[in-house]
Every structure is written in structure tokens, then in C-alpha cells.
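To keep things simple, chains are lettered A, B, C, D and E as they appear, and every chain counts its residues starting from 1.
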Amino acid sequence: MARFLKKFDKKSGMPPGSLIFIGRQKTETPRLRIIDYDIEMMRDEFIQTIDDAVWAKETETTSWINIDGLHEPELIKTVGDKFNLPPMMLEDILNTGQRPKIEEHPDHIFISIKMLFLDDDQGQVKAEQLSAVLAKNYLITFQEQPGDVFEPVRERIKRQNGRLRKLGPDYLLYTLIDCVLDNYLKVIEKMGERIEEMEDEVLGNPVSELLEEINLYRREIAYIRKSVRPAREIISRINKLESDIISADILPYLRDLSDIAELSVDSAEIYKEMLASHITTYNMAMGNRLNEIMQFLTIFATIFIPLTFLAGIYGMNFDVIPELHYKYGYFVLLSIMVAVTITMLLYFKKRRWI
Amino acid sequence: MARFLKKFDKKSGMPPGSLIFIGRQKTETPRLRIIDYDIEMMRDEFIQTIDDAVWAKETETTSWINIDGLHEPELIKTVGDKFNLPPMMLEDILNTGQRPKIEEHPDHIFISIKMLFLDDDQGQVKAEQLSAVLAKNYLITFQEQPGDVFEPVRERIKRQNGRLRKLGPDYLLYTLIDCVLDNYLKVIEKMGERIEEMEDEVLGNPVSELLEEINLYRREIAYIRKSVRPAREIISRINKLESDIISADILPYLRDLSDIAELSVDSAEIYKEMLASHITTYNMAMGNRLNEIMQFLTIFATIFIPLTFLAGIYGMNFDVIPELHYKYGYFVLLSIMVAVTITMLLYFKKRRWI
Amino acid sequence: MARFLKKFDKKSGMPPGSLIFIGRQKTETPRLRIIDYDIEMMRDEFIQTIDDAVWAKETETTSWINIDGLHEPELIKTVGDKFNLPPMMLEDILNTGQRPKIEEHPDHIFISIKMLFLDDDQGQVKAEQLSAVLAKNYLITFQEQPGDVFEPVRERIKRQNGRLRKLGPDYLLYTLIDCVLDNYLKVIEKMGERIEEMEDEVLGNPVSELLEEINLYRREIAYIRKSVRPAREIISRINKLESDIISADILPYLRDLSDIAELSVDSAEIYKEMLASHITTYNMAMGNRLNEIMQFLTIFATIFIPLTFLAGIYGMNFDVIPELHYKYGYFVLLSIMVAVTITMLLYFKKRRWI
Amino acid sequence: MARFLKKFDKKSGMPPGSLIFIGRQKTETPRLRIIDYDIEMMRDEFIQTIDDAVWAKETETTSWINIDGLHEPELIKTVGDKFNLPPMMLEDILNTGQRPKIEEHPDHIFISIKMLFLDDDQGQVKAEQLSAVLAKNYLITFQEQPGDVFEPVRERIKRQNGRLRKLGPDYLLYTLIDCVLDNYLKVIEKMGERIEEMEDEVLGNPVSELLEEINLYRREIAYIRKSVRPAREIISRINKLESDIISADILPYLRDLSDIAELSVDSAEIYKEMLASHITTYNMAMGNRLNEIMQFLTIFATIFIPLTFLAGIYGMNFDVIPELHYKYGYFVLLSIMVAVTITMLLYFKKRRWI
Amino acid sequence: MARFLKKFDKKSGMPPGSLIFIGRQKTETPRLRIIDYDIEMMRDEFIQTIDDAVWAKETETTSWINIDGLHEPELIKTVGDKFNLPPMMLEDILNTGQRPKIEEHPDHIFISIKMLFLDDDQGQVKAEQLSAVLAKNYLITFQEQPGDVFEPVRERIKRQNGRLRKLGPDYLLYTLIDCVLDNYLKVIEKMGERIEEMEDEVLGNPVSELLEEINLYRREIAYIRKSVRPAREIISRINKLESDIISADILPYLRDLSDIAELSVDSAEIYKEMLASHITTYNMAMGNRLNEIMQFLTIFATIFIPLTFLAGIYGMNFDVIPELHYKYGYFVLLSIMVAVTITMLLYFKKRRWI
């Protein structure tokens, strides 16, 4: 399956706004969880149906509804109905193959962004879509599968005197995106460490496994750039939104996100260039090695060629070859061979070939 | 024939606005079809002459006139006359070699865009021009040849409760462009799957057929980019039009098109880079292979060279070669040869050549 | 002589505005021709001196004064005097080595642009400068040498009911530029056809003549881009002029020019990239070929090396070589040689070298 | 450790604004130093706690508080409390892995920028973060470790009639940044000298140590660009600030910084390209050398091949080989060998291979 | 010494505005020359001290004070004092290693630009800084060393009816910059001629001296671009200045400068690309040549290998080798050898290797 562009076959030909899940099913049953808090109290529970969360629309407290698993379009549709989300937004939530985007609606801000994970078994980077619908007093997030990436955020909500408890869902959204971006940096750093290490190996021991590894990293870095660059756009556009859903208090935090996004893009670019340079270096190291071997052969062979020829001469069966009958002929010839060898070695030395 | 730039010979020297078909004739007789619908009724028929469709200008219902086949300029001229289309627009419809474009006129919006198909027999991507003239209550589309690419749209028009039946020709145009763009993604994805597959083949089995295939894909991806990039421009310009022919209701749908266009361009770029990287990898794999063979030869030949020389020495016919008359001379020499061989193998081992 | 940058030696050190012809003399005597027309009448004649055309300034009819040959600065100066052209403009007309440009003056618009021709003998692209001075009711054009490139335009002026006869000199200028741009496309297409053809040759039969041809085309495409890219700028600037010398009627035609200019630039870029890719492919094809030959040698030589060694062994003259005296020694050795050969062939087969 | 992207592990999962030092501990105890001056007096002392510097907020004199060593977050927090710095700013001060940035606050301007040093032992470029908080009448700077890079600035403050004594903390900040940028140029120039030198070595003596050195410089230049390019952005943004903390008097000095930043970026780019070109040249020089050796072998071997074959022919033991019994057979054969050799040499000469 | 970035060691650590000459001393004593003229009279004299020129500030005539040689900072300081030039401007005049710049001051416009010369002996391009201070009625220019590059301008000032005599110092400055830019074109053209010539040599006779020459030209073209590109910026900024020191009369002349600057940059880019292409071509030509030689060796060696083996076989000393005793054995073997040779040649022919 094309990893860089997800299957569209199921969708094309359907009316736009048709709710069809595009992606791989990753969890058995979607899981709903609601965390409701304000400065004084905090409640965290798993719920069975979205109806158990509809009250969140009305209360003044901050509510975070998280849905893990997108493969039941009916559920998403129900969420959409209960919270008045437009059909196109639901389609965007389900289509995990699309580009990150941000859209402003009268009562909601919609953001979808990629989360990156390093799959240690396969050495591949995995991307999952995080969609978030932000309203004045609640935040709904959609993940492709249950993950514990936001566990630290939940921990921080539990601390009564934390900043999260004082500020609204816009700050919560900021915190989640901050988590996602930190993960970008972690993934890039993990790869970067290996990429920087490779430099010495490339020069010292250019084996073909290394070349395969470099190519693997190139593809993965390309995959990361594909997710990180649009994320940067999204974040710079959040900064420019003029919606009263996002309060002025969190603007400095948003600017902070821009810095991290910028740093992610920069680092990915640098590692991309470093890998390109590794390949050049690898090529050269291989070339040098071949050179070295060829040179050895050349010198070795070139020295024996005239000697073997001389031996051939005196192996001939002509009736008259006067040298053959000289008493010291054999020893003279051996001396000549030594002299030829030395002369050639000196010549090669002079041309700086050895 | 130059595929990347269509013949202009027929045209140059003619006054601008001359109606001459630039392209290859692809159907026998142009085919006219009108679909007329509103929320309550729907009519779909093939017509003989454009006169049978002129009434569409006046009625309140949404009419979609589709013309397959452009090789009869007279027909296009008649359509232009009946629907008051400016001559330059007709020329643009007939010139299938031009860049995608969008133009705003007082009563019409003109859009031309490329449709892409994958010709499975030749492995080539084919482009056809779709021109559309959008007015307040009708849409005229021109295709180079009859195709069933819009069949799903027609099916959806037939469903009485579909959104198509409720909205006007601007939404119909959106649906058609959506079809075209979905096709871009399908074509790119189909190629992308193969391109991603190639990666392993390039490393594992770099045969020259693969190189030819990579080059073929490069050319086809270049051809796709040539069509997709201007399409993105066109769509971003539709978004900025301030014409009352396009109602505010469909603006969110148009934004959706931008996303798909962006995704197409991104993916095409990624696959372009991936192919470039395949070629580098192929080159290196070939180089590695040559290296491996050369190395084998070097070592093999280098070992035999001194042995053959020794054999040559004792094949000489000097009267006096004392060693020849030693009882075990032959066996001593054989032992020396084995020793030389082992020494050389150890040396090569030490230099990490074997 | 530097073809990409014309001689400046004659000029530097002269006061700016000095009228000196920079270019090669291409015609014997400059030729003056005036075509005067309005919707009712049309006159076309060659004149001896520019004085015979001065009346064109006053009449209401559209006058097109064409001057072929720029090597008589005196003539250009006289034209300048009679039609009140500023000295810097005259200098620009004579300096055929400069970049295309457009300048707005109170009573004139000055445009200079390159015309491209394919010199079939040398396979080179030739550029000539077309300068045009547009006023309210006349157009003066300057060409480096007489050419029949505008003959079709003259033909169209002759047709009484043509659009040219109805519109003024601004439309005439548009028609001429349209001719020039169409020629760009023709030149690019002609080269493009050959460039697309080359692809198969590069893979199938990479001879060094082909490499020379590719390099020739690269240089010529570079030369074309040097002319076409500034032309695009010029044309986009015409579109933005707010001069009453250009009437609103011809704005749609000007937009059409932009499309053609854009298409020319795009195509030139595509063919540039295609040539770069040809070179890569050529290199690889050559490499493959060398690989193939080297591989053959390796295998061939490697098989004979041990055989020759064995023959050498039994050509030695030791007194005691027991094998030599076995009855079937010779035939056993031959069998061993066959066995060695087969073993090696199997080994190479296994490593997939043959 | 990834040098191009500093560890984020410690931080992620913490609430934003958590004060944690990201970097390596470089000094034992942070060192605080305050320099207080106006046109008449000047005081310079090391202090124990930040409380000894709080008075600087109130006085009219210019105060420069410098803190060397960031590994005690508590100290930074205290500084933040005493001088009312926002928590995000403190986090930025401690996180030495972030991009250079500038931020405007109501009472402060925050700038962080990288200082570059050339570590002569390892040949590596080291970057350290300089953070500065500028207020109306004081400047607080934070360095990762004590350094004498600003010593000349302190010397200049001591001179009573210097410009520094007359102008405020904004001019002091300008002077410090000027120091930092001058250091950029010094580092780049030092590397540049070596890079320009390399050119001849690459052509004349392409040893593999040189290739390693080139690769080292490429990585270091990449590292420099990573610091210098954002510095340029920062400086161009200082120029656009409209804060009354920066007085109009120092605007011309700021413009001067832009020039230096621009020059740094330009030079880094030029040296980057020069290194890329060195690698190409190196490759070619290696290729030429291999060519030269291969050519020698080819000619040498090719000459002996037929000679050895001839000797082999007359070493055969056929009963009937008439030539063997000619009286001058041997000498005739030797003459033939000389003739063959001369013929081949002439042939190679003709083909310009020798 | 780093040619691409001049020494900064002397400067760093000094207070900004310190007057220190950065460059090499090129003349013995600075030379002062004043040319004073208006439409009626003209005076040209060398003066001893700048005091002899101070009157130029007050008179209505146009005065051009030229100073050759910058190594006496005291002199520059005196000029600054007498003509009220700000210290930063004086620093810019002395620092010949900086980027070209333009600055507007209340009473002066400051421009510094590089002059390029081709040093024919070393084949190197030399850059010198020309600084100019333009005021309402005088122009002060600073050159690094005396040169006759502006001699033609002086000649033109002498001609009473020239435009220079009619217009003020702004037109004089335009004339000088025009000279400088014309020199750019001359230098580029001179190099361009050789670069275009190289093309054939690269294909026909790729010797390593040519490669060195190409590399030399690449470095020199890089050096030119480093000077020419900022010059283009400077000139486009002159065009946008809104200072009454520059009268509206000379605006068209300034636009002319833009054209020349643009042409210089374009040409430098084209030659840069052409050189890059030369290197590719050179590489390929070398590769082709190696191919050709290798192929010859392969075929030559491959033919002799089996023949020599056969000779070896019949040189063996087995007691029983029946063929040796056939009467025509020798001749049969020779015939077999000829047959083998022909077969192999035919095989190679068939594979198109010869």
C-alpha cells in the first residue's frame, strides 16, 4: 500500500460529505472518555455513548471529550449531530489520509494534525491523525487508536494548582499540540542521534547494510517532513486566527508553539541534508576502497607481467638459444628479474602510486 | 509528436480567435447530452443539435449540457453563438494544448482543467482537457472524448434527496472538479504504490529493466506535475472569485478542493523526489555489484599471478638450473606455492579485502 | 564571440545616449515600409526616407512603420527626431544585446523583445531584437534584418473585414507579439520533439554523438530560457500598464499573451529538466555497458587463470614430477580442467554474476 | 548525543513554563556581576545574590547584570521574580537548545542568540546561547559559562569619554550583539582561510585525510549556518521593533548589525558552496588518478600479452615445429617481438593513449 | 588570506565607529583631485590637503573630489570633519571588506559598490571598493588605489557641450556607476568568451589542465556574483530613494542602470551554470575515454587468454600427449587458434562491443 498517500478508492465517486473511514482499523471498539474540570473540581470517566457527554455543551466547566478509534462512522456522525458539527468537518475527521488543516467555524475551530511515533520494531515512523474541535467551553479530540501520549497532560489536570485548571479548553488544546510537537522533536532527535553517528561509520566502514540504513532514514525523514511542514503552517495560522474561542491569554503560548514547529522543520531539513551528504560520502568511501584495491592489483600484476614473459622466452624450444647454454645463464636471468622488479617499484614510487 | 507541448503549427499565423481544434480526434461524432434537474424532477437525454438545449438558458432549473468531442469547430461555434460565449473562450475550449485557466466574464465563469487517466496498456498517463462554462442556471462542459468518469455524478443526480438536487450548477461544477481531483489522487496513488515497491527491488535486484521503469515513471510523474500544479492555482483562484454566479453556500466545498489539490501536488513532489533517490540508489547498487565482482577478480587473479610465474621459471630450458635436479624439487615448489597462496590470503584478510 | 552576452567594447566609455549599433550587420540597406489602414482603406508601400512617413503622426488612421536593419544609427536618430523619441529609447533600439524591456513614456510605450528562430543548418537558435514604439495612432517597429515572420499579419490587414482593420495600433502590437510568442512555442516544440525522441536512444544506443547532441540542446534551451523568461515579465507588465495608449478593448487579448508566455516558460523548464535527466540516463547506460563488458572479462579471465596455471605446472622441467609419467596423466589433467571450469561456472551462476 | 538538536527528553510532559535547564553544565557556580555606569561614574562588582542588584531597577543609571551559568534554575527563577520577567521567558533562557528569538513585552525586550566559538582542539564549532533582557535602564544577560568574549566591551565602558558611557542599555545591547556577530565573522573567516587553501590540495594531492577534513568542514559550516541564519532574522526584526525601550539614536547602529549579519550569511553560503565544489573536484582528481594508473596498466599489459603468447607457442613440445630448427629462429622471433612492441606503441600514440 | 571574506581581526573589540583601514595598502600616498565645473567653465587639479577643497561645499558649481588610497585614516577623518560626514559612514569607507550598501542621510547619500578588474597575469578577478558621498552640489569618491577607469568620464566633462556639464553631481554619480557596471559586463564577457570556447575543448580534448581552468573560472565567477548581486540590490534601492539630492531628471538614467545590473547578474548566472555543465561534460568525456581504453584492453586480452592457454597445454611435459606426435599437430593447432580468434571477434561484433 502506498504509505505516502492513503487509499482513496473507497471514497471517490461518493458525494462529498459521505462519512467513510479512510485508514486502517486499529482498535476494537472506539473508546470515549470525558474529563471535566474547573479550578475547584476534576472528574475523569470512560463513557459508553456520546449521549453521556452532551451535558458538556451547557456547563461552564472545561470538558475534554476524547474519542479513540475512528472506524465506526456512525459514532462520529452521532457526535456531529449532538454537537452541531458540519458534515465536511466529520468527513475530515474520518479521512486520516488528508493534509493537516485548520478551519474556523462560527462556534468551533477545527484542527487536524499528525502525531508521529517511532515504531522501534520496524524502524519506521508512524503517523496518526489527531483531530480536535475546540468550542468555548469544551474540546473534542479524535485519535486513530488509544495511546498514552496524553497521559502526562491528564496527570497535570489532576494537580489542583496547575495552570491547566485555571485556563479553559483553548489552553488545553495548546497543551495537547505542545505534546504532539514535543514528540516531533523527540522522534527527530532519536533519528538525528543515529544519523550523526553514521558519519563516522560511513567514512570508516562503508558496508552495504549502512547504505540500506541511510536509505531507510532518508525515506523516514521524508515522511516526517511531510507531516511536520504542514504542521508549521497550521500553527502559524492559529496565531493569526481572530476568533473569540481563543482567548488573548494564551497567545504567548501559541507563539511558543511556532518556535517548536520551526525548530522541528529546521532540524528535519538539516538531517535530510546530512543524509544526502552521507550518501555522497559513502559513494566516495566505496570509490576510494575500490581505488585502493585496483591500485594494488595494478602494481602487483604489472610487476609480474614482464617477469613471466622472460620466463616464457627461456621456456622456448628453439634449437639455438645461446643464453640457455651459458653456465650462469639461469642466475643472470634471476638477477635481471630482481633488477626489473626493483626498477619498476622505484618508478611507481616516483609517480607516487605506492 | 511532442507530448509535453502540443502542435501549434496549425494555429500560428491565424488571427486570434480563429476556431481550430488543436488535439487528436478521439471520437467519431461529437455527442451532446443534457441533464436538467431541480429538487423535484430530473431529465437526462441525448440531443442531436445544440438548438435542442437553448431553452436551458431561460428555465430556472439547473441544466448540465455535456459535449463529448471537440473536432467539429462548427459545433462549438454554434454553442458559442447560442449561449453568447466570447470568441476567445471558444478558442480556449478547442485548444487542448493550453495551460489550465480560469476567467471571469460578466455572465459566465470559464474554467479549463486537465483530467488525468492511467493508460494501463502503455503505462502512460493521458491528459484530457475539461472545459466548463458556468452560468447562473446552467453548466456547459466540453470533453475531448466520451468517458464514464462522471457517471457516478449522474447517478447521484438521479437520487432525489441528494445534495446535488438541492443546489445549483455551481455545486455541480464543484462535484465535477472534485471527481477530476480525486482522479489525480487515484492516478498518483497507483503510481506511488509501484514507486514505493521499487525501493526494495532497486537495492536487491538492480536490473536494467528496472532503470527503464524508473525513467518511465519519472517522465510520467513530470507529466502529472505539469497538469496538477496549474490545477492548484486554478482552484485557489476559484476561491478568490467574487462573482455572484458562485453562491456563498458552496465556499466550504471549494476550500475542500484546495486541500485535495494541495495533497496532489505534495504527493507528486514526494514521488518525484523518491524516484530521484531510486536512481541514486540504483547507481550505487550497480556500483556495489561491480565492486564485488572486481574485488573477486582482483583477489583471484592476484593469487595466481605469482604461482604462474614460478611455474614459468621452472619451465625454462637453461642447461643449469640446479633446483630441477633436486629429488624433491617439485614437491618443495608445490609447498612454496601453497605457502604463497596462504600468505596472500592472510594479507588480503588483514586489509579487509575478503 | 560570447553569444550569451554581446560585445560591449564599442560602447563603454561613451556618454549614455550615444547612438551606436551593437550587433552584427545583417542587411545591406535598412528598409522602410509603411502600412496605413483604417476600417475602409489600406495602403502598403516601401519608402525611401523616414520623411515620407512623418504624416502618419497626424492622421487618424492606424500606421505601421517597419524598419528592417539597424546598422545606420543616423537613420534611427532621424526617426527619433521626427517622432520625438527620447535618446535613451533610441539607444535601447540599437543595443541588441540588452534584456527585453518595457517603458512607459508620456506619448509612447516602448517595448523590446527577442524573436527566436531555429537556424536549421547549424541547429542553433538565433535571437533577434524586435523593438516597438507604440503611440496613439501609429506603431513603429525595428527589426535587425528583413524577415517574413510578420507576413501573415500583413495578409490579415489586407482582409477588409478582419478585426485588425477595426482596432488600432495597440491591437496591431498585440498581434505582432502574439506572432513572436507563437514562434517561441514553435521553436520549443520543434526541439521538444527531438528531445522526447532522444529518450529511447539514450537508453538503447548511448553513443557519444548523442551526448554531444544533448549538450547542444542544453545550451540552446538555456539560450531560449534567457529570452523567454524576460518576455514573460514584459508581458505581465503590459497587463499592468495604466496608459490610455492601450485601450481597454484589447485587455482580454493581452491576458491571452500571458498564457502563451507562461506556457513557453513552463515548456522550456520541462525540456531543460528532461535534458538533465537524459544526461543522467546516458551516464547510467554507459556505466551499464561498461559493467557488462567488465563482467564478461572477469568471468572469462577468471576461468582461464587457474587452467593456465595448471598447464604451467606440468610444463616445468623438474627431473621428478611423477604425474608426468602416468599413462593417462594428460587425460586426467584435461578432465580436471573441465571440472574446474564447470565448478567455477556454477559458482558464478550461484552468485548471479552470469 | 545529537549535536544539531539538543535533548528534549527531560522537558516533554512537563507543563510549559517549567524551569528546567536544557544543556550541559559548564561552570561550577553561576557567577553574577553587575556593572553600573552613567556618563560620570562607573562601578563593576561581583555579587553573591541577585538581591544585591535589585536596586538597579530603580536607578537612572545604566546597569548591566551578567549571569554566567544556567544550571541553577532556582537562581533564574529568583531573577525572574525580582525583575518581573514572565515564566515563558525564563524557560527560554534555560532551554539552550532552542532557536534564536526576539520577543517584545510591555517592559522588556527579550533576545536570545547563539555565540559561536572555534574549539581549536577538536576543530569543532561550539555554540552557546546568549539571552538578554533589555529594559529602559538595565540589561540582564545570561551566558552558559563564564567567558571573556565581552571583556573588550567592559574595557570600553571603563573609558570615561566613550560612546558607551553616554548612551543607555540599548546601545550596550547593540555593542554586545556586535561582539557576537564579529565573532561569527571571525569563526567563518578562520574556516574560510583553510577552505580556500584546500582548493589547491584537492587538485594536487587528493588524499583521503583531505576528504575527511572537507566533510568535517561541511558539517561545521552547516552548524554555523544553523546559528547564523536565524540571527539574521532576529536582527532584521530588531530593526522593525517599535518599542520605546530602544531609542531612535541607536537605529543607525542597528542597521550596521544587519549588514554584518548579511555578510555572515553570505560568506557561510559561499563557503558551503565552495566545499561542495571541493568534493566534486576531489572526486574528479581521484578519478583522474585512477584513470592514469589504469591507463598505464592497460598499455603495459597489452604490450606483453601477445609477446607472452608468442613465447608460449615456441615453448610447445610438438614433434614438428619447423621454426624451432631454423638457425636464426630465436633471433628472428626476438626481432618480431620488438616489431610488435613498436607497432603497438605507435598505435597507442596515434590514439593518443600515451 | 581568505579572499572571500576580508580580515576582521584588527577591528573586532574596537568601539564601532573606530576608523581603521581594512584592506591592503595599494598606493604610496593618498592622492586628492578636484574637478569643478558648470556649464561654462571646468577646472581640474590635484590638491595637497582636503582644506583646498572645502570651498566646494559652498559654491553652486558641481565639484567632484576624488581620493585615491584609503590607508591614511587620518585623512579620511579630516574629510569627514570638513564635510560633516557621520563616523559610521567613514568607517564604511575604510572597511573595504563589507557588502555594497546605500544609505540616506539628511544631507548626503552614501553609496559603496565594488569595482571589478580582470588581473590578466593571475587570471584573477580583483575587486575594489568605490565609495561615494553625494551632496546637493558636490560628490566625493573614495577609491582604494589610483586607476584610470574614470578617465573617459573626465574626458567627457572636458567637452563643453556634453550632458555632464549641464547636469549636477547626481548625474556625475550615475555616470561613474555606469562605468563600474559597464566594467562588470566587460569582465563577464571576457570570461564568457573563454567559457563558451571551453565547451568544444571539454568534449574534444579533456585534459586535466582544462579541469583546473574550469575550476578557476568557477571560483572567479562565484567571486563576481558575490559583488554583482548586491550591486543590483543597491541600484534598485537608488531607484526608490525619495531624496531631493537626486533630481527627477536623472530617473530614466537610473532605470537604465537597473537594466545593466540585471543583465550582469543574468549573465553571471548563465556562465555559472555553463561551467557546472562543463564539469559534468568533462567527467563524461573522461569516463568515455576510460571506457574506450578499457574496452580495447578487454577485447585484446580476452582474445589472447584462451590462445595462451592452448600454448600452455602443449608445452606440458607429459610422457603421453598424443597430439604432440601428429605430423601436422602444430599446424592444426595454429589453425584452431585462428578459428578461436575469429569466433571471438564475431561474438564481440555481434554484441556490438567492437
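In this section, a contact is a pair of C-beta atoms (placed from the backbone, for glycine too) under 8 Å apart; a residue touches a chain by one contact, two chains touch by 3 or more.
Here the structure is a predicted model, which is why all the values come from computation and not from measurement.
Asks: Using the touch definition up top, find the fewest steps from chain B to chain E.
Replies: 2
Asks: How many angstrom lie between the centres of chain C and chain E, each centre taken as the mean Cα position?
Replies: 26
Asks: Once you find the CA centre of chain A and the CA centre of chain E, what distance in Å lies between them?
Replies: 42
Asks: List, in ascending order, every residue of chain E touching at least 2 other chains.
Replies: Residue numbers touching two or more other chains: 294, 301, 308, 312, 315-317, 321.
Asks: Is the chain-to-chain touch network here best called a line, a ring, a star, complete, or other?
Replies: Per interface graph, the chains form a ring.
Asks: Name the ring's chains in order, please, starting from chain A and stepping to chain D first.
Replies: A, D, E, C, B
Asks: Which residues of chain D touch chain A once you look at their complex with the stated criterion?
Replies: It comes out as residues 1-5, 7-9, 11-17, 86, 88, 98-99, 101, 103, 208, 211-212, 215, 218-219, 222, 226, 279, 282-283, 286, 289-290, 293-294, 296-297, 300-301, 304, 307-308, 311-312, 314-317, 321, 323-330, 333.
Asks: Give every residue of chain A touching chain D within the complex, in rising order.
Replies: Residues of chain A touching chain D: 152, 156, 162-164, 174-175, 178-179, 182-183, 185-186, 188-189, 192-193, 196, 199, 203, 252-253, 255-256, 259, 262-263, 266-267, 270-271, 273-274, 277, 280-281, 284, 287-288, 291, 294-295, 298, 301-302, 305-306, 308-309, 312-313, 315-321, 353.
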